Structure formats: structure tokens, C-alpha cells
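As written, the chain order gives the labels A, B, C, D and E, with residue 1 at the start of each chain.
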């Protein structure tokens, strides 16, 4: 069941004189986890930003289930099923953990005209939020204020919010960064589960995790794709070792 | 006593009414490399911030080079030779990369100037390429390099790295470990918080493990390496 | 004894604070001269700072009328505030005396039997000036004023008589209130090359204008005319720049009458400051009220009788005596004054016994 | 409008623009760079003007008054920062709105109580009291040109301080993250106190220099307040050059607005601001 | 704090307001009516400032536009129909807010503050300097609108008491409406935008539309206040649109405490009440007012709305959440 969900077609992005992405092509398939690797500043986040609509590409197209979504903004893309997490924690610090996720869940059915309904009593959104919190490993901390969580907990919340939106395509920018080893291990399990009926793009520098869950790996260097293929091929590629992994550890 | 660089005794820190540190004592000597470990939310960052004057412990004392600094303002502690790389990157997005680096650069307490602008550029060539960009325009990893470089340029006696490798590519992480090793060799002390326990224990001579705001282990890193049970019990791997 | 409750609603803070204080001083001086009584009645004051804020004016007036139940409302400086006050006075049928605000409407379309003015209408000094300027042989004049009612009404009053007398206003220039960047206008005026310039400004803006006018080198070749507010209370701030400027007003320094002399010495003694036209207007407001009260029977405050007596009164003012028109606006001499030695010296009467036409006032017929 | 008078209008616009920059310069520092919403900026300007008036009457010379006035204003600013503003850095910015509004009322009333409500003039120093002939019937006061020169010097000085010195970097960094600046060993409290005081001194200097032209009068602070904010914001918060360019733009809009569109002259400046900000939502010279 | 305590406190205040005319003289009834109108104005702004994070310094424009709408469309010496002029004024204010919102919402933060100011100042100068506003000194609304509905006259605004209760009812209605709006899904979205607009977008909210809706609603409610103000005092002046007016209502909101409707009401009462009180005492009342404001900033960091909780906390020890 390899069906292409999201396709990046020759995406290019310039920042002044710098080319952060040059003709990057990536295909995300349902049921597959696609990892995007590369040295710092290679353009991975830029790529995600273009796919999610946070940043307009300088050239290239983005197709979601065959439809061109390049011109849509991030809100519209989110509505069509693209969800993302951020490398730099991006949450609602003044709200409780639950409210953070409830807002995420509410975005599926915003119901803005129902001004006489208590938002806290919209059962579907609250339940969805609860479930996402538990999945991300924050169970029991629903009523804590998000801004007062520790750094690692905030990273978990970051993921919980994406889960709550029920996105069919997940773009995860370093979800494991800042998490402890136990939480990381849980997250890898979660990723395995999530990818069953979703398409996932994972940017991550934790190689153990990447090689544990990735079905395909693309390596970028200085804005361009260096190599793309199954994990074994990447692990053994000399180019990749030189540019990114380093010789000994994963060779 | 004189060789004690930073010493905290019996710290109790609260956020509002929640009690985070329950009588933590912590010390680091000149030239020592120390790993601070614990799961998410156990109080590592809180401990560091309590020692740096960024949060006020309700109870306990902090000494730097033997001087009482319990109520000192953070800049005095910094000027005594302590540099801090915070978790989640503390760059100034409204300053250029160059400005971020030079704004606080200075010679060390004893006049050393080992870490110059040029040396930081050599260590992190990536920064050199983006030197006149705004700090906020850097990629996540580049920002991390910038924070580390900026801390090094204050030529500290003690460098505290709170999850300094977060977001760095494997090659870069190796580079950071190398840097820590070299500065340790030149007598600069380091405190490292990192989720990669094996790297931390390999790099440091002493390890401290925090659980729920209490020190549950304080001993040679060698011992942690050899007793995986310790890690499993306190760090849950 | 019988009392009369006087509500003073004047600006005591902000740009017009000194005017509000001068009016209050003048009023109280007259009352003091009468031994604390007007027309045999004790005077009880109620004071409100109107801040020259029209948005609060109705409420402030109501405070005096409804809460303090004053018999007479005295105020104010700012025309917009006075307009709101006049509405309260009309609706509540309270006696009102306007000691300064010059909006033509107050004794024009909005006139009312219970609303009196002891100062002037914007039309009056400006209209008097029109004749003077024409008589002095100027044919083409440029006008400059702030773009708000008072400025526009002053220019209209000037233009009316000036053009009647054969002159021509070649251009009316306005700048937004309260801007004081005059340089572009001075350039424009120099470019238009008129025979003379008529302006309306007051307070700090007036001081700045006259200084800028001189600094631009225009004063030497291009005579400046204005209603007297240009040079009242602002001469010190102008330094010497005001010397020689001609203005028209119902008051001047060094008027030669007994009332003026006693008023001046009394004022100086009481307040350690020289009185100005605003103090005179305050003083005359008290006089007018006294005339009304004296003409009414003792006992309960009989508004109708007081009003009648006030309308018929002749006020022996420091400015020279005046009466009221049917619209309750002073019929008064407008003096031609010249700035000399830091004073507004009277050099003649520009228009004797000048009455505002009170266009649109139903009381006129 | 003939050509000479067109040129003169351009000169007027430039000169007015520079004067606006002078008035806004203190705000560029305190609001633009330190990030404090300071509504009392106009009050500091007014205090400067009254200082010029009081000290000139005392010493007989505006130059001397300025030399004395600047340290006074600086000290006053430092005191205010220590007593009041230091408590607000961590709070919502809107609290600064409230605080500085309260200060406006206090300063205005103290001014009324001590100096009274009259309009006063300050003499132009003899040295600069001459005029230059521009056309056969129009001349230009030298003092205004002197002010323009001071403005340009100030702009260059401020730019140099903010962009070229480490002090400037620390200040800018502090407006973003005070804690981090402290952890780098900078005494941010002292730094901010100094810069705030400098901003107050600049506002007061503007008042002192403008006093001979504008006169000294109640409420004079309120009149410059809005225009100063307009200048700083149009230019792009934090940019000294931006403020200068914005001040010149406003000078042009106002000057030509009043001659070409007299009906709508009051709108000109605001129309300019709306158009600029809709075209560039972060001001002309927004820094990254 | 216990929500029941809060609710009973609010009801007690309401009861006090209902009973007030029985004890207050006509002037004070009118003063309270004015404060109630300003409370509506303040609440409408609080929706933007405190809840959506849009600090508008041009809110008086909508207040003034509504006030001018009644004054300009009402016949000079006859009563206009209340419901018609009310609807017209509120619509005019709402429409103005909608169109201005289309532009100003492109900017953020300080820039937003200044563009809203710019549009309000333009509106001010249009009423002040052009024929539309008739006179820069203002115009009268000579006759209060009449409340008849299809021949039935439920109340008469010429009666000060009727007017008072009409205003009180409007104030309560606006309060209740906003309270519902704020806890609804829509209100939560506004709060989310306040906290982190960028993340709201990436979660799938078209934030621009929500902000425009909030801006329009706030403008329309400010219009309700402006309409009532014009009817209450029978006089409109360009100063209703001046930046002082916008500034004052912003101060009420901040003084009351951001993020609280009751705070906005408390802010209006405190701000106007203190002014009244101090200006009765002395000519130098602004000094007192200034000192009180400075003290409030220093000692009441979360505004009047935070006051009960602070008192509660000092009495009760603990239970804090800061």
C-alpha cells in the first residue's frame, strides 16, 4: 500500500544570496516514515517550513494527494491534513497542557459561530486532547501550565499538539531533541505506531532512533539532496559518512 | 578549599509553592569535568539556574571561588568566570552573528585569552559563513554553535552546558565533545547536561544524578559506566 | 442672608489654565470689592475644572446644575465646551454667563434668553479689523488661521468688512489645529506678495507665529494684523518680535478710565500680577450678575427678573462701558491697539459700539 | 508656486524633519532600542524646555543653560529608572503605558505648581540670532540651521553608539533577553539605568534647543508625544537611520500636505504613517 | 478563588446598580450612567487588548463614528426612532471597524498600535476639518430618540430613569454576551492568537479571519457605547474620536487588569470615579490622579481584577498560581 501522500517537487528557496534548498524532491507515502538528515544548516527545517506553508518556496511545487497546494497558507494546509512540530518549542505557554492540545483538536471542528457553547464542554475535542497527551507521555500533567514545564516536557507537549490535530501527514522537526533517553525510546515506539496509517517526515539527529524507525532516508547537504534510499544504503554510503555521520560510529 | 570553583550547599528552590530542589549540594573543582544527569523535569536546569543567581533558592548557600555569592546578581557570578549555555539556546535574534559573539567577549579572570574570535571561527566554520546574518535567521544547530562560541569567548574557568548538543548533527556533536576535552585539558572546568549518557560518562570524571530534586548519586563517572544498573534505576533506560 | 450659588466651570489644567485662573480672579475680585456679596446676596462658589475637554463638558456642566443646583453657570474658555454647556443651560433653563468663548453661534443661531456673554463674538474684533486694514490702504490681504471654528469665524468676520470696504482677500490659508509649524505658510505668503496679512492665533502658537514671522524677515515689509488674542498674554514670550503689530480687541493696556485704574490696582494688590483681558471678562461677568441680582426682588432667586435686569444693564467695565444686544452679546467699542514697549497700547477705536449681527438668533426680532 | 519658493519649501520640509528627529531622538533610544513604551517622553521634552527657561533666566545664556541642564536631566532620568521603571521590565508592556501616563499628569501638575501656566519665551543666543536672506522678501534664521546641524550630529552619534559599540550591542541584546545578557557578565541594571537616563537627557536637550523657537508653555509635551512615536515607528523600531528618514518623510508630508491639500492637511501625517505601515508592516528600516 | 463567591459578588454589584437611582441624586444617576457607558466601551476594547492581544489605540474612532451617526441622521427638532438609529450607529461603527480592520490587521504589536491610531486620527480630522462633521466645535442631538416599536412605547428615554435602566441593561447585555463569547470555542481561538498566533496558524486556524471578526465585534460594541453616550449627553464633538479618548479607555482596561471583563468595568469605575473625586477636592487633582496611577502600577501588578485574589491570598496563605 504505497500511496504517495505528499510530494515535494523541485523545491527551491533562497534567502538573499544563500540557497537554503535547491530542487529538493521528496515523496512521502502512507505507512512509511521518511527521515531527512543532514548537517546543521543543510536546509532541513527550511524544507519542512515550505511543506507546511510557513515559508513560501522560491520555486517548485508541493502536491498533497495529487493536488497542488503550493499557494495555500499554513492554516489551509493544516486543514487538509498536514501537521507539523517545531524544532524550537512553539506552544501556548500561558495555557494548561490540556488547553494546548484541546485547541489543537478544536482546529478540526472550529465551530466559531457557536458562541453560546462552552469550549471546555465540547466533548470530542477534550477527549481527543486527552488521548494525545497520554500518547506523548505527558499523562497526569494535563492541568500544569505549559510555560512552567521543563524543557523536555515542553518538547513532549510539542508532539502531543501535532497528534491532537489528527493530521494524515506529519512533519516532525527534531521531535526527540531535548527529551531524555527514556522519553526518546517511548517516542520511537509511538512513531512506529503512528506511521501505520500516516505519512511521516522526520528530521532528527538521533541516529539510533532514525535507523530504528525510518523506511527511507534522504540526506541533504548545503541545500541539495546528497543521497536518498533505504537505511542500509545510507548507512554504508561513504559520501553520507563523510558529510554527516562521521566515520566510525555508524559505519 | 581554594580549588573549589563552584560550591552549592543544601539548596532548596521553589517555583511559587512547588518545591523543586530538596536540599541539593553540589560542587565542582578547578579543571574537573562533571556530568549532571537526570530524567526530564528532575531539576537539572533549576539547579544550574539556582547556582547562577537566575532563580533565588529559598534556602542554602552558593560560593564561587570561595566567595559567598548566594544573593549575588548573575553578572557578578558570570564575571567570576562562569559561563552558561542555556537549554533551548539563548541567542539574541536582533543581533548579527558577529555581534552575538563579540558583545560580551572578554579575557578570563586571570587574563587568559585563549578563545578569540578567530578560534571560534575555526571551531565552527559554519558560523563564519553566516557571520553578518541576524542571529534569528540561523538554523537550530547553527544557533547552538553560536551560543557555545559566545560562552567560550568570555574565556571562563567554568563552562556550564545545558543540553548543548541538542539539535546538533552527529559530526558536530563529536566536535563539541572534542572541544570539551581540549578545554578540560587546559584546566577549564565543565558541567555537562546531556541525554547521551555514554558520551557524558566517557567525557567526565565525575557524575551527579538528580531524581526529583535530590542528588541520588555523586561519584566517579567510571562507576556509572561500569554499573548499568545505576543508569537503569535512576535514568530509566 | 440670601445666597446666590455661582458655578465656575473653567479650565484649570492644560493649555488654557492661565485663562481660567485669570477669569476666576477677575470674578472674585469684583465680588470681594462688593464685600463678598452681589446684589445683596452672599456668593457661594462651586468650581469645576473643565480641562477644555468637550467630551466631558456636558457631564461637568450637569455636575454644577444638577448636583450643586447653582443659580448661575459661569464658563468657559473653549468654544466646544461652551457649546455643550449652553445646551445644558438651555435644557435646564439655568442662567449662564460666558466669560470668554467666542463662537459666533453662542449668541447666534444657538442664542437663548438665559445665555449671556460678557466677552465678544469671534466676529467682533475681526470685523473691526477689516475696516481698519482697508482704511490703511491695503488692497490685497492673505489670511492665515487655525482650521477650527474660531479661526474660520474670525477670518469670515474680517473678510466681510474688508471686502465691503473694497479690499480683497487673495487667499485664505489654514493650518490644522494645534500645529505650529508655520514655515511653509510664511514661504507661501512671501510668494503671494500681498499688501498685508491677517491672522488668527492665540497663546503659545501666537507667540511662536509672531517670532517666526519676524525671523522670516516678513514683518518689515508686510504689516501684520490680528484680533488681539495674538498679543494678549504672549508678549513676554515673543521677546521683542511683537513690537509694532496692530491688533483689535475690546480691551487694551493703558485705557484711560477710572474703572480701569481701580480695577488694575485692585487686581495687582490681590493677585500680585497684572490683569489681562480675561481677568476683565471675569470681572465683568460678576458685574453683570450683580446688575441682574440688584434688579431683582430680594428673597428667592427669581430667574426671570434677574435675566431681565441683566439684559437691560449697562456695565461699567474697565474696557469702557457696554450694554448687551438682544442676543445678549456685548455691544462694545473695539480698540485698535499697537504693541509698544511690551504693551498693547490703545491708539484708537476701530469700531465704536460694535454689535454682533447675531445671524440666526431668534431673539433678534 | 514658483521654483524658488518650491526650493524654499523643500528646505522647510528638511528643516522641520530634522527638528522632528531631534524631538524623537530620546524616544528612539528609550522606546526604539530599550523597548520601554514611554508616554512621558513629551514630559521630558517639556521639562527640558522649562529648564532652559529657568536656567536661561538665571545664567542669562541658553548655551550655559544647556550645559547645566543636561546633567540635571540625566540625573533625573537615572533616579526615575531606579525608583520606577526598574520594576517594570519583567511585566507586560502595557503597564509601562499606565505608569508613564501617571507621570505625565504628575509632571504637568508640578510644572503648573512651580512655574505657573503662562507662556514664556527664551531668547536665541546672540551668536546665532542672525538671519540669511533666501529671496528678496524672505529670510531664514540661522538658529534653525544650527539645530539642523545638531540633529545630524546626534543621528550619527546615536547610530555609532548603537551599531558600532559593544555597549550598543548589549543594550539591544538586553531588550530581547535581559537574563541572558546578565549571564554573560553584563551589569544590565546599571546599563539600562544609564541608557534610560541618556534618553531622558536627549528629550530634555531637544526641549532646550527648541525652546527659543517654540516658546515654553503648558501642554507642550503632549503636542510632541504622538509625532515622536510616529517618527520612531514609521522608521522601524530600533533603527536610528529609520527614525531620521521617517522624520524627514513626516516633514515633507506635513509641509507639502499643508500647501497642496489644505482641506486634509491634518490627515497628511497619519495618512503617511498608514500607507508606510501597510506597505511595510514593520517600518521602513526594520532590523532583523 | 471560588467561582460561586465571584458570581455572588458580581450579582451584588448588579443589585447595587439596579437600586442606585433610589438613593443617588439625579446627577449621580447620570454619572453612573456615563460610567456604565464607558464600561461598555472598555469591555469592547478589552476583547481586543486583553483577550486577543490586539492593542488598539484608535478605538475611540468607532465610539465617535456611532455618536456622529445618530447626531447626523436624527432630524434636528424631532425624535428619531431609537431602534433604527441604534442599529444604524452600531452598523456604521461595525462597518468602519471591518474596513479599517482589513488594513490594520496586517501589522502587529507596536505597529498595530500606531496604525490603529493613524486611522482614528484620520477619522478625527474628517469630522473636525470637513463639512461632514458640520462644526469643529461639535453638534447637538436636540431630541432623544423615541423608543416606540410598531406604535408601542416600552419606555421613554426623556425620563432620566428610563435612560439609566436602558443603559444598565445594555451594559449587562454586553457583559453577558462577551462572557459567553470568551468561553466559547471562538473565544478560545482568540486567546490562542493572543498567546501564540504563529502556532494557531499552523494548527489550522485562519487567524486573520478570527481577528477581523473580533475587531469588528469590538468596533460595533464600541459603537453601542458611542451611541449611548451621544443619547445621554445630547452633544457630539470631534473630541469623541481623539486619541485622548482612545488612550483613556485603554488606561481603563489596563488599570482594571488585562484579560478580565469585570476588570474593564472596574477600571472604568475607578478611572472616572477617582477623577470625579479628586477634581472635587482640589484644582491640582491631576497630581493625585498621577500618584494613584503610579502607585497602582507599582503595587497592583495585575490590575484591579487581581486585587480580590491578592487580598484573598494574603488572608489565606498559599494557593497561589504564579
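Following the convention adopted for this analysis, contacts are C-beta pairs under 8 Å (C-beta built on N, C-alpha and C of every residue); 3 or more make two chains touch, one makes a residue touch a chain.
Bear in mind the structure is a predicted one, so any value in this text is a computation, not a measurement.
Listed by label, the chains that touch chain A and also chain D are B, E.
Using CA-based centroids throughout, the chain positioned farthest away from chain E is B.
Taking each chain's centre as the mean of its C-alpha atoms, chain D lies 32 Å from chain E. Measuring from the averaged C-alpha position of chain C to that of chain E gives a distance of 37 Å. Chain B and chain C have centres, each the mean of its CA atoms, that are 75 Å apart.
Multi-chain contact residues of chain C (touching two or more other chains) are listed as 13, 147, 176-177.
Contact with two or more other chains is made by residues 125, 128-129, 286, 321 of chain E.
In chain D, 108-109, 112, 265-266 are the positions where the chain touches two or more neighbouring chains simultaneously.
The residues of chain C lying in touch with chain D in their complex are 13-15, 17-18, 21, 147, 173-181, 183-188, 190-191, 193, 203-204, 207-208, 211-212, 215-218, 221-222, 233-234, 236-239. Residues of chain E that touch chain C in their complex: 25-28, 30-31, 34, 125, 128-129, 135-138, 140, 233-235, 237, 239-240, 242, 244-245, 279, 283, 285-286.
Contacts from chain E toward chain A in the complex involve residues 180-181, 183-189, 191-192, 195-196, 198-207, 210, 213, 321. Across the complex, chain C meets chain E through its residues 12-13, 47-49, 53-55, 57-59, 62-63, 66-67, 79-80, 83-84, 87, 91, 103, 105, 147-149, 176-177. Listing the residues of chain A that touch chain B in their complex gives 15, 37-46, 87-89, 148-153, 156, 174, 177-185, 205, 207, 244-246, 249-250.
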